[in-house]
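The structures come next, written out as structure tokens.
Presented sequentially are two complexes of chain A, the first with chain B as partner and the second with chain C.
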Partner chain A sequence: MKKEVLKNFRVWIPRIIAFGAIFVFMAIMEPSFFAAANFIEIIRSVSVYGVMSCGMLFVVLIGGLDLSMGSMAGLCASIMFTIAQTGANTLSATLLGFVVALGVALAVGWLHGFFITTLRIPFFVVTLATKYILYGAIPLITSGTYIYVRGGTPIDKIGTSRIFDTIPILVVYFIVIALVTWFVLNKTVFGRRIYAIGGNPTAAGFVGIKVFKNTNVAYMLCTAAACIGGVILAANNQQAGTTTGNAYEGMVLMAMIVGGINLAGGQGTVSGVVFGALIIGLIQNVVTFMSWGDYLKLVQGVIILAVVIVSVVMHTRTVRGKSRKAKRLAAEPQE
Partner chain B sequence: MAKEKNIIKISETDTSEPRKTEGELLRCENIDKLFSGVQVLFSADFSMNYGEVHALMGENGAGKSTLIKIVTGVYHKDGGQLFIDGEPVEVDNPIDARALGIAVIYQELSLIPDLTVMENIYLGQELTKGGMRQKKRMRNRTLDLIKKYELNLNPDAPVEVLSMADRQMVEVLKALSQDAKLVIMDEPTSSLSASEAEHLFKTIEGLKKKGVGIMYVTHRLEEVYRIADRLTVMRNGEVVGTLAKDEINPRTVTTMMIGREIKTERQERAPRNEEMKLEVKGLSYGDILKDINFTAYGGEILGIGGLVGSGRTELVHCIYGIKKPKTGTITFNGEPVSRSVIKNINNGFGLVPEDRRQEGFNPIQTIEKNICIASYDVLAKVLGLVGAKKEREWAEKAMEDYDIRPRDRNFLVENMSGGNQQKVILARWLARKPRVLILDEPTVGVDVGVRAELYRFMRESAAKGSIIIMVSSDLFELVQISDRILVIHDGEFFEEFEGEKATQQSILLASSGEYVEEGARL
Partner chain C sequence: MRMKSQSIRRLVAVGLVLALVVIFAVTTPTFFGMRNLSILLKDSAFLGLIACGMAFPMIGGGIDLSVGGIICATGIICVHLSYDFGLSGYVIILIALVIGAAFGLINGIIVAKVGLTEFVATLASGFLFVGLGRALVFKDAGGRAVTRSISSDSYLSFGKNPLWENGLYLITVVWIVVAVGLYIVMKKTKFGLYTYAIGSNDKAAKMSGVDTTKIKILGFIISGACAGLAAFLVTANLTSSPAALGDGYEFRAIAACVVGGIMLGGGKGDTINALLGALFMTIILNGIYKFGLDSTYVYIIQGLIILLATAFDSQFAKFAAKRRLKEQRLSDITPASAS
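Right, the complex of A and B next:
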């Protein structure tokens, strides 16, 4: 038991160092970074990335990828806002909007799975195509404009409420979704199957796991998470339209890599995803905060690349350490 | 020009020089080979002539591949001498071998599917002029070759549209374009259908007439009768002998391959449990299996023999439910067997697949998860929720019972030894107390010690009344372990043996379609 705690702790060392480095950097450069208002801003972006990353985790674990997440988020938010607005922003109209948006998301997720498994089209091609299709569908829903919601409406409450008047409600969604994801992956047979498929789909088929069916479900969970992420993002911004969630899948993917999720499938934890989302959200905030203006995206890209390289190197080192231990164990005399 | 430096030369014209077509082509004298101190070839002698088809046979591990790899420069010999045309030669690497006119047709074909026949033949040795490809010249040259060797190939066809047999032709043509005089074929028919194989034999005869020497490695006796002029048999790294065409007969060949059979103590067999029975009737699958009928009973280990590619794996996959048979019925204790793998597993079926790395385990998961993956019907009864404690105890008990090392349930399976990986997969099923356990080549790549343990586990499981079906190419194992052996030949069960009466030779003969009196013809 003690050994396991130690092993888990080793995973967290580079993560803690990464956080430390960012905070020290900001303490020197810009002490006002530590203002409460800024932390709230950080929590906001981290929460959206976090929710979407949890969904992406299922797909990455089975060895796939969903490049349409950002567009899916934007489309779902637009659908929900449009329906809510049409229904005069009543609670029931808002709920109906969410249900419809979620239904669309699940349908698209199922289609992703169908194309990828039954028709054997590479996930890359399928999700890249739907990325543009879904993005292109947004103006059809919103009539080419943005849909705004006023304060006091149910949507506004979803996005901007605060717990104890300080903590943004978005973080609650993130925590809930992360816990549910953790539970599903670690405590259910479905979770075991996801890891089994990701590690070796053929072998999974040989123990009776329905690979196609489970793959479909993973893609549906991913689009559902994209839907929730898009809705809370738009609700927080009090507007939905083409820019909502646009290109978020890139950030989500970065969060995966930083969180040590094996993009080949079969390996990855929810704690890794949470950490990855935190780091990516932090970096984005730092870059915005430093008011580098035109260089913002450039600097952001460079920092993320650096973090990715460091975390990949760190990861391979721990893996190598493990295989060294494995060799030692295998070499031990067997009585 | 850099092109001039190419070691491989393409004959400018096919009629330029009359090629040698008679006499001795290759001679290997006293070839020794050691792998990290272990001798695998013992002063092997082998020779072949121009225009001869010389077959090479032997059990797995007899040293055929090692000998070929020495001739083709892949391995370095540790003693002896090679002669080409009577001249001593040194073959230090595959390029030397090619320059000497030795070509190998590999089983995994090395062609690029998108390119045409011509482009594949000239791949890496394109005819150029001033840096430009001379397409016309290459095409004409290819056509000349095709005509000369009377092949039926279109030089402009992309390789991906060709059949496996035609692809092999292209390989052969590629070798011939480099002036190969010795073509080595390593089990060329293993991926071919009967008609494709016939096509290949015709080509081989054509090549023979043109004076090309063909070294033909095979497991199939029928092919040896069909095409070989001479046959050399190897066993345990030694050349047992060479037979001329009229000396080749099944008894002699199999005796040479197996040598003196060592009879060791057989394990006590449990009484047959007639209550538990798996019946297969009239099963056919693809073109491989035609009409399979048998009944397996609880308490006995049923061995299934036959050559690689004879459909043994397909048969067990059909029983297990992972492949759908074309026709036929499979019943278990009178009930039809489901076509769903998971239903069969829950009904007490289990399969240890042939290729454990591909089909067996998840390398990046722990021993625990790999053992438990087939048992969540027991470990997660309520709402699909897995009890961590239940899972841990299940895995720990299995690791204890089947002595899996290292005894660390969180150890990744990819880092284990082959034998222990196999134990993990076996433990996955044995922990469930299976009613029908199918093992496909269970001891490939497993060391002797673990092998004995696997046999013991199989016997114990049978003694508890389970049906054990074992597919194996290891004749010793098949004869030693099975209580009853069924041999597949030509898509049907050809002969049945009682374990006590079976000998390795009789199994081998039956696999090749030779009836022997030890067994009962089916």
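Right, the complex of A and C next:
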């Protein structure tokens, strides 16, 4: 028990250091960073990344990746906004729009699973292809323009309401979805199966887990999260179109990597995802705050590459260390 | 003697290209005009170059998702070299090759030495290269991004005018030279042979004494160098370097390789497959524009092509395996009459 607490603490040390470093840096460079309005801004962007990252976690845990998340988000938002607008923005039309968008997302998720499991095509090729297909489909739905919503409509309430008139409602969606993800992964059979498949698909199959079926479900959960993320993003911006959610998969991937989720599958926690989303939201905010916008992509690229390399090197080291320790233990009794 | 499944697959690719040619020749009477053909060959040169380079990591069982980023970064550096330093185009083309190769070397080291899987490594480094390109973009005094056009004659000579009237462009010539060179490398050198060995079975190749680290790094260097070369030629053709340069090229190159018949698992195909695939993709994209379809259909059609081609390949591999098994059984029954 004590060991468990210690282990958890060890995971949190680098995270706290990362937060501290960013805050100290900003305290020196730009004290106005600490204004309440800016923190609300950070919470807003973090919430969208966080919702999408929770969905991606399922797919990454089984050793896959969904590169179509950004396009999926944009497409779902466009579908919902179009239907809501055709129905004069009534509550029922908005709900119908959301249901249709979610249905499309689930169908695409199932197709991902079908191509990846049944046809055995590498996941990055499948999701890269659907990324472009979905991106190309957005203008067909919105007829090439942006769809705006006015204040007071149900969509507007979904995106821009505030709790106690201060905290954006988006953070509620994030917290709810993070809790649900945590519950599903840790307290349900399905969650344990996901970890098992990610750890070793062959072994999981031998144990009697239906690998194909669970993989399909994981991809469907991922696209569903992309749908929700896209809808709340577009509702918050009060517009949906081609640029909605564009290239968000890069940010989600970064949240995964920074959050310590093993891209090879089988390892990763919801707390890591939450932390990852917080850090990338912070970094993005810092970069725009310092008006280094041109270097945002460069900074992101450096961080992604550096963290991936470090985590892989650390992993091989621990594996080597463990095998060395095992050898030593095996050798000792004979002496 | 029955045909090898690999030759069947190549015939399928040739058939696809021929079918497209027939369709467009019937629908557009100017298709076989010299002007149209030379422009078609020019357009397929960029994609063809990238696909020929990408063939090496793909045959080695990997993939290179960073070529779009390499084109973005190298292209902007090329324009900087011409605009800020006034270098000649012939010097810049060599520098572009070196820069692309250096980016490829980074990929290779991350994959082969550090031990990341190909797609994670090149996806991550692709982000880095795109970021580098965006950071280097031209800015005016107010800090806003602007585009600068190239004025150097030697630079523009690669893409602006054909070598003779309605004839080949210099871009096409460069492509053909590189493609032939890479074909020889792939088929006639030890490096090419080892690449096939790694793609077929990484572990077996290593146990047979192949230096897999070196071969993998070399494959990525070739892919990067081809992308660098393509970046130079793309900017020479566009006469400037837009910020979104190279966006989606990795995707198109993978599509070209897959349609042409280079299997995703590795070990099969060669640069001729990449060449055929690049022709197919270019003809179909030109056709889309020619029929006046909206540019968003380009994305949808490219995506569908990749999905259909890979689905076909996976079913074709099953069919080929079944056929091999059947042949084996036949030869078991009648060993004497096998030849």
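One rule holds for everything that comes next: the second predicted complex is superposed on the first by the 292 of 335 C-alpha atoms of A that agree within 3 Å, B and C clash if a C-alpha of one lies under 4 Å from a C-alpha of the other, contacts with A are read in each partner's own complex, and residues count from 1 in each chain.
FYI, contacts are C-beta pairs under 8 Å (C-beta built on N, C-alpha and C of every residue); 3 or more make two chains touch, one makes a residue touch a chain.
Everything quoted here is computed from the prediction, not taken from an experiment.
Look at A:Ala203: by the touch rule set out above, it reaches chain B but stays clear of chain C. Contacts of A:Thr188 after superposition on the shared chain: chain B is touched, whereas chain C is not.
When the two structures are aligned on the shared chain, A:Tyr132 is found in touch with chain C, with no touch to chain B. Here chain B and chain C are compared by how many residues of chain A each touches, and C touches more. Partner chain A is touched in their complex by these residues of chain C: 63, 65, 110, 114-117, 119-121, 123-125, 127-132, 134-135, 137, 139, 145, 248, 251, 254, 258, 264, 294, 296-300, 302-304, 306-307, 310-311, 314-315.
The residues of chain A lying in touch with chain B in their complex are 4, 187-192, 195-196, 199-200, 202-210, 262, 266-267, 322-323, 326-327, 329-330, 332, 334. The residues of chain B lying in touch with chain A in their complex are 322, 340-345, 351, 353, 358-365, 369, 372-374, 376, 380, 384-386, 388, 405-406, 408, 410-412, 415-417, 428.
Across the complex, chain C is touched by residues 65, 115, 119-122, 124-126, 128-133, 135-140, 144, 250, 253, 257, 263-264, 294-302, 304-305, 308-309, 312-313, 316 of chain A.
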